[in-house]
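Chain nomenclature is as follows: A, B, C, D, E and F, assigned in order of appearance, with residue numbering initiated at 1 for each chain independently.
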Amino acid sequence: MTDRGRDPTIPFMEPTLKDALPAIETIWVVVAAVLVMFMQVGFLFLEVGFSRMKNAGTIVPKVLANFSIAALCYWAVGFALAFGGAGWFAGTEGTFLGTTSNDAFPALAFSSATVPAKFFFQFVFCAVSLAIVWGTTIERIKFGAYLIYAVVFSALIYPVISHWIFGGGWLQASFGMQDFAGSTVVHLIGATGALAALLLLGPRHGKYGPDGKPNVIPGHNMPLVGLAVLVLWFGWFGFNAGSTLGAIGGRFAEVAVVTNLAAAAGVLGALLMSHLLTRTLDIGMSGNGAIAALVAITAPSGYVEFWAAPVIGFTAGVIVVGAIIAIDKKLDDPVGALSAHGVAGVWGTLACGLFTSPRLAELNAIGKGGLFYTGSFEQLGVQALGVVAAFSSVFAVSFLVFYAIKRTYGLRVTPEEERYGLDIVEHGMWGYPEQFMPVPGSEYRPPALPSGWPPRRPAPVSMATPIQEG
Amino acid sequence: MTDRGRDPTIPFMEPTLKDALPAIETIWVVVAAVLVMFMQVGFLFLEVGFSRMKNAGTIVPKVLANFSIAALCYWAVGFALAFGGAGWFAGTEGTFLGTTSNDAFPALAFSSATVPAKFFFQFVFCAVSLAIVWGTTIERIKFGAYLIYAVVFSALIYPVISHWIFGGGWLQASFGMQDFAGSTVVHLIGATGALAALLLLGPRHGKYGPDGKPNVIPGHNMPLVGLAVLVLWFGWFGFNAGSTLGAIGGRFAEVAVVTNLAAAAGVLGALLMSHLLTRTLDIGMSGNGAIAALVAITAPSGYVEFWAAPVIGFTAGVIVVGAIIAIDKKLDDPVGALSAHGVAGVWGTLACGLFTSPRLAELNAIGKGGLFYTGSFEQLGVQALGVVAAFSSVFAVSFLVFYAIKRTYGLRVTPEEERYGLDIVEHGMWGYPEQFMPVPGSEYRPPALPSGWPPRRPAPVSMATPIQEG
Amino acid sequence: MTDRGRDPTIPFMEPTLKDALPAIETIWVVVAAVLVMFMQVGFLFLEVGFSRMKNAGTIVPKVLANFSIAALCYWAVGFALAFGGAGWFAGTEGTFLGTTSNDAFPALAFSSATVPAKFFFQFVFCAVSLAIVWGTTIERIKFGAYLIYAVVFSALIYPVISHWIFGGGWLQASFGMQDFAGSTVVHLIGATGALAALLLLGPRHGKYGPDGKPNVIPGHNMPLVGLAVLVLWFGWFGFNAGSTLGAIGGRFAEVAVVTNLAAAAGVLGALLMSHLLTRTLDIGMSGNGAIAALVAITAPSGYVEFWAAPVIGFTAGVIVVGAIIAIDKKLDDPVGALSAHGVAGVWGTLACGLFTSPRLAELNAIGKGGLFYTGSFEQLGVQALGVVAAFSSVFAVSFLVFYAIKRTYGLRVTPEEERYGLDIVEHGMWGYPEQFMPVPGSEYRPPALPSGWPPRRPAPVSMATPIQEG
Amino acid sequence: MKKIEAIIRHERLQDVQDALDKLGVSGVTVSEVVGCGRQKGYTESYRGSRANISLIPKIKVESVVPSDIAERAVDAIVGAARTGEIGDGRVFVYPVEHSIRIRTGESGEESVRHEEPVGWGH
Amino acid sequence: MKKIEAIIRHERLQDVQDALDKLGVSGVTVSEVVGCGRQKGYTESYRGSRANISLIPKIKVESVVPSDIAERAVDAIVGAARTGEIGDGRVFVYPVEHSIRIRTGESGEESVRHEEPVGWGH
Amino acid sequence: MKKIEAIIRHERLQDVQDALDKLGVSGVTVSEVVGCGRQKGYTESYRGSRANISLIPKIKVESVVPSDIAERAVDAIVGAARTGEIGDGRVFVYPVEHSIRIRTGESGEESVRHEEPVGWGH
């Protein structure tokens, strides 16, 4: 609360349109940022649901610690590197948010939203990208490894690449690469880090039999996976529609519709594929389909017409199921991050080269129309270049960092620790204690009430017994 | 990200008030729509929490598939039928959102929010209504049945009825039926479909003993039911307050307050009734009370003064408990959809005929004041007519559709499949695998740590043992 | 839906800037209020996760009932007492929201948001404060005790104290106490009530051994604790940034950034301390660190520059871990409410006296700069006074109320009831029935499928067996 | 005294309880087990891989009965638990040397006999 | 050797463990069971219907002990598990033919004897 | 007939099943137990307090076998379950008086014998 109202010494001046416009833009950017921040709940439960019970608890401090490290690093240097100037490689201005003048961040200057709002929005993007990295590593990575890589990723890797594509760097400025909300910048980058980590980490104990065949290690809680998917879907309206960085002109509503149409088609594509390939409707894959479609539509969301959205999304849903099954044969990716964020991220980025409508390319003042409008492969080529550039640079740096961690601190818990589970080993307690140990006052099960207890309760009545069912 | 900022060739023109006003309206509509979309989480966990563990997983792909089908069908034809013109029976314009001109959708033209925003908002309503249908069918319906009915519902049933009452159709235009946010349009329609499905489906195996007495088949997770209720409550602020389709004038804030007062009274009404009728405070019913009150206030939320809200809500809370217990004697409705959405939806719609304040009827330019203001039964009659018209048409069509499904594809899994559970039968895996099977590396329980493991851990210390408790 | 659009008799007048400005402010206030309302999910799962399974269900109706009682009481008298006038002790105008004129609520008049929006925002604050009270009481308090205290708290205690500090009462007006969003008003008050309840209630059976040593009674679900923490974090953006009661000027975005930086530092501080003191990374404490930091930054969020936020938050994270361990030696506070809301609330309030920047003190027109800017202890003294005044008055009244409850209705369930668990005793059913009893059709485990069932399933294939793992 | 241990299907539990109750058995102890024998397991599918579960959930019912009614008890269980399908389970009989009722300390056959049926679960 | 099997209340487990430990029993195996006997079940209420639960959670404690201490072990268990309320449970004693310690392969009474108490759970 | 009861480690279960299957054992019943013996428990830490868990999860495997193969069955189990670490568990052998296969009613040794291995879990 402030007290301006009560203080007569302060002349109250009626705000003008000049005050109203930035407020309008800023409200939408902040709301969108808050929605994106909430996506952390999605990543938390995607990993919890796809883990075994003995490894479910550790994901909580993991998510909190990663988000926190990213918050501080992105504030300290990340935002400056990403948007603090129009250099081809990286920005320089605005460490520690030292300046909040819109001109200091040229690539974001098209919106009159305030700089702190834009900073907040860009930070939550960084946090999403970082969260994606860990999907391949659950149930065996050492907790400390998170902390080390998180610093490098949020202070260096993500900011620099995002500068190239979002911040006016070489891919955006010189080539006109189109990535409206980050199929490449956020999702492919995260998945690339995930791949580097996985290659050095290896599969979970028991994932592959002596014959090399992949075994089933089911996640312990599918309803929570469902929560994760819907929460991510919810947050994505901030993610894509917020990337307009403003509300005036109303584009953001169209982006929201495009996003939703794609996600919907993705679910159906994945369910169809799952039924064709596995003769069952895999629960997790229906969710992966939604996520893959959301990832795929992220880059095109600001560049395509409504009709293209279901096409892009459905394709993503189909691709992701195939990718998960194929990758699972050799690489142990419990949540499907490589497929849903990596493969789908590539598809989404390339999709701009196919579906971008010239009208919107012009409106955004980046790149040209896609193949289906212009018949030219130019934009498609630019998109491919961007994918290659982002993937290769992120992979190289990430592999190096994880390799260094492996050689020094160590990347993976011991086989015994892996068998006992990360919760008890890293945190001294199970994530679901009563599932694993006697608890005072709840020794396995609480003791039974004596008959007629509690007195308030009415008299016994017969309960359905199996036979009555038979 | 766009690049307008960096491109000198684009003259930057300062937006005017004409640009600002639609942006303001659109922000609120989009935010409200996103809140309503999130209600899917509520329906997911209402059904998960009220199911047995063996049937909890299937609800995830069910919710995703239904939401997705609705998204595509409502985009293709639903929105056009509902709002694309002022015909008495249905609209025609705007299939596939082919036009985004506000004039094409007269019933929504009072708001300057953009058409895509309005479309998005109306679609999530359709998705909520569809989600309600399935509450009566859990734990025994075949997955395919969802998909077939979802198409008919979101492409035809919901759009046409909503046109009658929201879209300028006969009930709204010729009779002035009042339903601000859809007690009838969204909730009663959904519950009606649920009734049709239930009648053809029958109760869960074991629900009724040989003597016909209802047995207790408790849902497996009450905390998740609590999550569902709070998430629905949260989303309802978008649902009701968003139905103003704009922020200018500030009515939406009053609607939010009205909504909250009603829900609060509903919880207390339900707890009171539960205590009177069952001599205990039923956990699920406290939640049903909140939902019933929210459903009941949905129609009046834009038509009544603050004082009326708690009255309407409390009554709904009282009614729903009685209805659940009564219905349970003959019909197996595990989540209480018939009571919370159907009975309460009827009550809420009729409540307009009692409590609508003339001031607000005039402001909304629909219908007249209610009995308690005008002493006239006219509006009450109109409301009753609307209820009958909506219920009978939806019931007829839905029964037909489900009957056709039953005769062809089949509506219900076999008794064996029902016993095994839908998760393993439809999806090949349990929703909570470790509760049902040994999992590699977690054979029932993870193996114990040898003493002193892990080394980082401090030396043993005595733990509370039952005797110390005694 | 309204029908203004279709009705020709209503002249449509283009809104002006005078209409737009309040709409902008009101949108943000309502959105913020909805975010804060959602924090109830956070409190629900904080308590569910930290309870034993036998006591998890009761928390659902508890949260619903408390929120509901607060809604009605705050509407009836609370808001009037808190903001209905500038009296030194309490306000008087606006019971039952009888007036919605901005002038009737002088302390809030600085914002042009509508009164219903402001009311809604202030109510959800009251509900948060009430929710905090119960953290110390879980697993043994009688349900009825909630209801009685909730009335007194939301109708009297909270409104009066918040008037002193938010509503233009003596602490704010005469002393210039700084509490931007309620470290004292909301969090310390709640924790004070929690302390009073705990002292009269005593520890859970078995918490302390015969030797007086605290025993481990672990909460049953750490992933849900993680959900709680992220949901609270999410809601806090409405809590702090919404306390600007408006968007124009853009301060709210800066407040959001400050809030996030503090929370992030809090997580890291708590993890560090947890590792130093317990040689493990306690899952729950990482969450307590985030909450403590959010509580601590609540008061300063509108008064400090970016740099101060991580300092305040980190300190809070460090403090809370020490406080939890220290308090646990004598007082049984299962969720750590005394530490995270009480101790951290005090720290946050005092922090204004250290870190408030003169620039912002002036902008808010309350109090002076902090010690580190002015070198003067004046503001620090004022803050200390505020803490003492709020704590002592709330403690006195709350202790009295709980004492009265104890003597009359009774505060605690019987030892037998406590052993059986509150779910079965108060609500007649377990929160997780299948964990405790055979359920028709799910006798412990559902029966197995015969081989080859269901026919759609493909032929058996070897699964990872422990030996293959070895 | 004899100990009768039966491995049965979940859905037959209530019948078995009733049958024993009729014979005047003083009580039964029930536990969840998994087992394998002739009955084949079932197949699961997850993210494209498949697994075969061979250990099938069963219910184990244990009751110590006076020697004189042991045979009838076995027949009662077999009758109540049979479905004729593979997987019906087994009944085993073991010798018991002592039996003590903790509450009263009484021991021997008396401690495992009672008179009229109690009606478990009704 | 004898096998002692006791069905007891959850809250008496630690006492029983301690009592056996004192006697130099080499170990115990504990499992969760449900049972019915004289003790009545309890009633639940859900959405207006009511159900009666007859199978009550108990703890089963099994220990194989040398014949010479079997009697004392039984008495120790009865003493430690008794509350005097209905539902205290039973103790049964069975003959054992062999016992092998897997780790060492040693068999016979030696494999189920040990010297000084270990202090389980302390 | 003899009843063989083995308390083993989770991770040895599949080996023990296979070993018994090879011997032509007709089936096994498996249950989860916790136990204490020489093997020490482990320590947990929660919000600053510490607790020591003494009851360690184990798997109990029960199989009734014809007397003639009892000895070989015991050896097979011991061989399959041994790791040499403290906590490997025990094998106990008890006499069995009758065995009935519920489905067929056939009783005696025949009811617990079968011919070729089934390949449980493969």
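We take it that a residue touches a chain if its C-beta (ideal position, glycine included) is under 8 Å from a C-beta of that chain, and two chains touch if they have at least 3 such contacts.
In this text, all values refer to a predicted model and were calculated from it rather than measured experimentally.
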From the listed C-E, C-F or A-D, the one duplicating B-D with over half its contact pairs the same is C-E
More than half overlap in residue numbers between the two sides of the chain E-chain F interface, or less? Answer same or different.
different
When C-F and C-E are ranked by contacting C-beta pairs, first place goes to C-F
Distance between the CA centroids of chain B and chain F (whole Å) is 51
From the C-alpha centre of chain D to that of chain E, how far is it in Å?
19
Per the C-alpha means, the centres of chain A and chain F lie apart by a whole-Å value of 46
Could you grab the centroid distance between chain A and chain C? Build each centroid from C-alpha atoms only and quote it in angstrom.
27
For chain E, write out the residues touching at least two other chains, lowest number first.
10-11, 13, 31-32, 41-46, 49-53, 55, 57, 85-87, 94-95, 121-122
Within chain A, the set of residues that touch 2 or more other chains is 17, 20, 24, 27, 31, 205-207, 215-218, 278-280, 282, 419, 424, 428-430, 433, 436, 438, 440-441, 443, 445-449, 453, 457-458, 461-466, 468-469
If we count contacts the way the header does, which residues on chain E are in touch with chain B in the complex?
10-15, 44-51, 121-122
Help me check something: in the complex, which residues belonging to chain D touch chain F?
2, 6-8, 31-38, 41, 52, 54-55, 58, 60, 74, 77-78, 81-95
Listed in rising order, the residues of chain A that touch chain D in the complex are 214-216, 218, 277-280, 282, 284-285, 321, 324-325, 328, 336, 462-463, 465-467, 469-470
Residues on chain F engaged by chain A in the complex (per definition of touch)
11, 42-46, 53, 55, 57
For chain C, which residues are in contact with chain A within the complex?
17, 20-21, 24, 27-28, 31, 35, 52-54, 86, 106-111, 165-166, 168, 172-173, 179-181, 204-207, 215-223, 225-227, 229-231, 233-234, 237-238, 241, 243-245, 247-250, 252-254, 256-257, 260-261, 263-268, 271, 278, 280-283, 286-287, 289-290, 302, 306-307, 310, 363-366, 416-421, 424-425, 428, 435-436, 440-441, 443, 456-458, 461-464, 466, 468-469
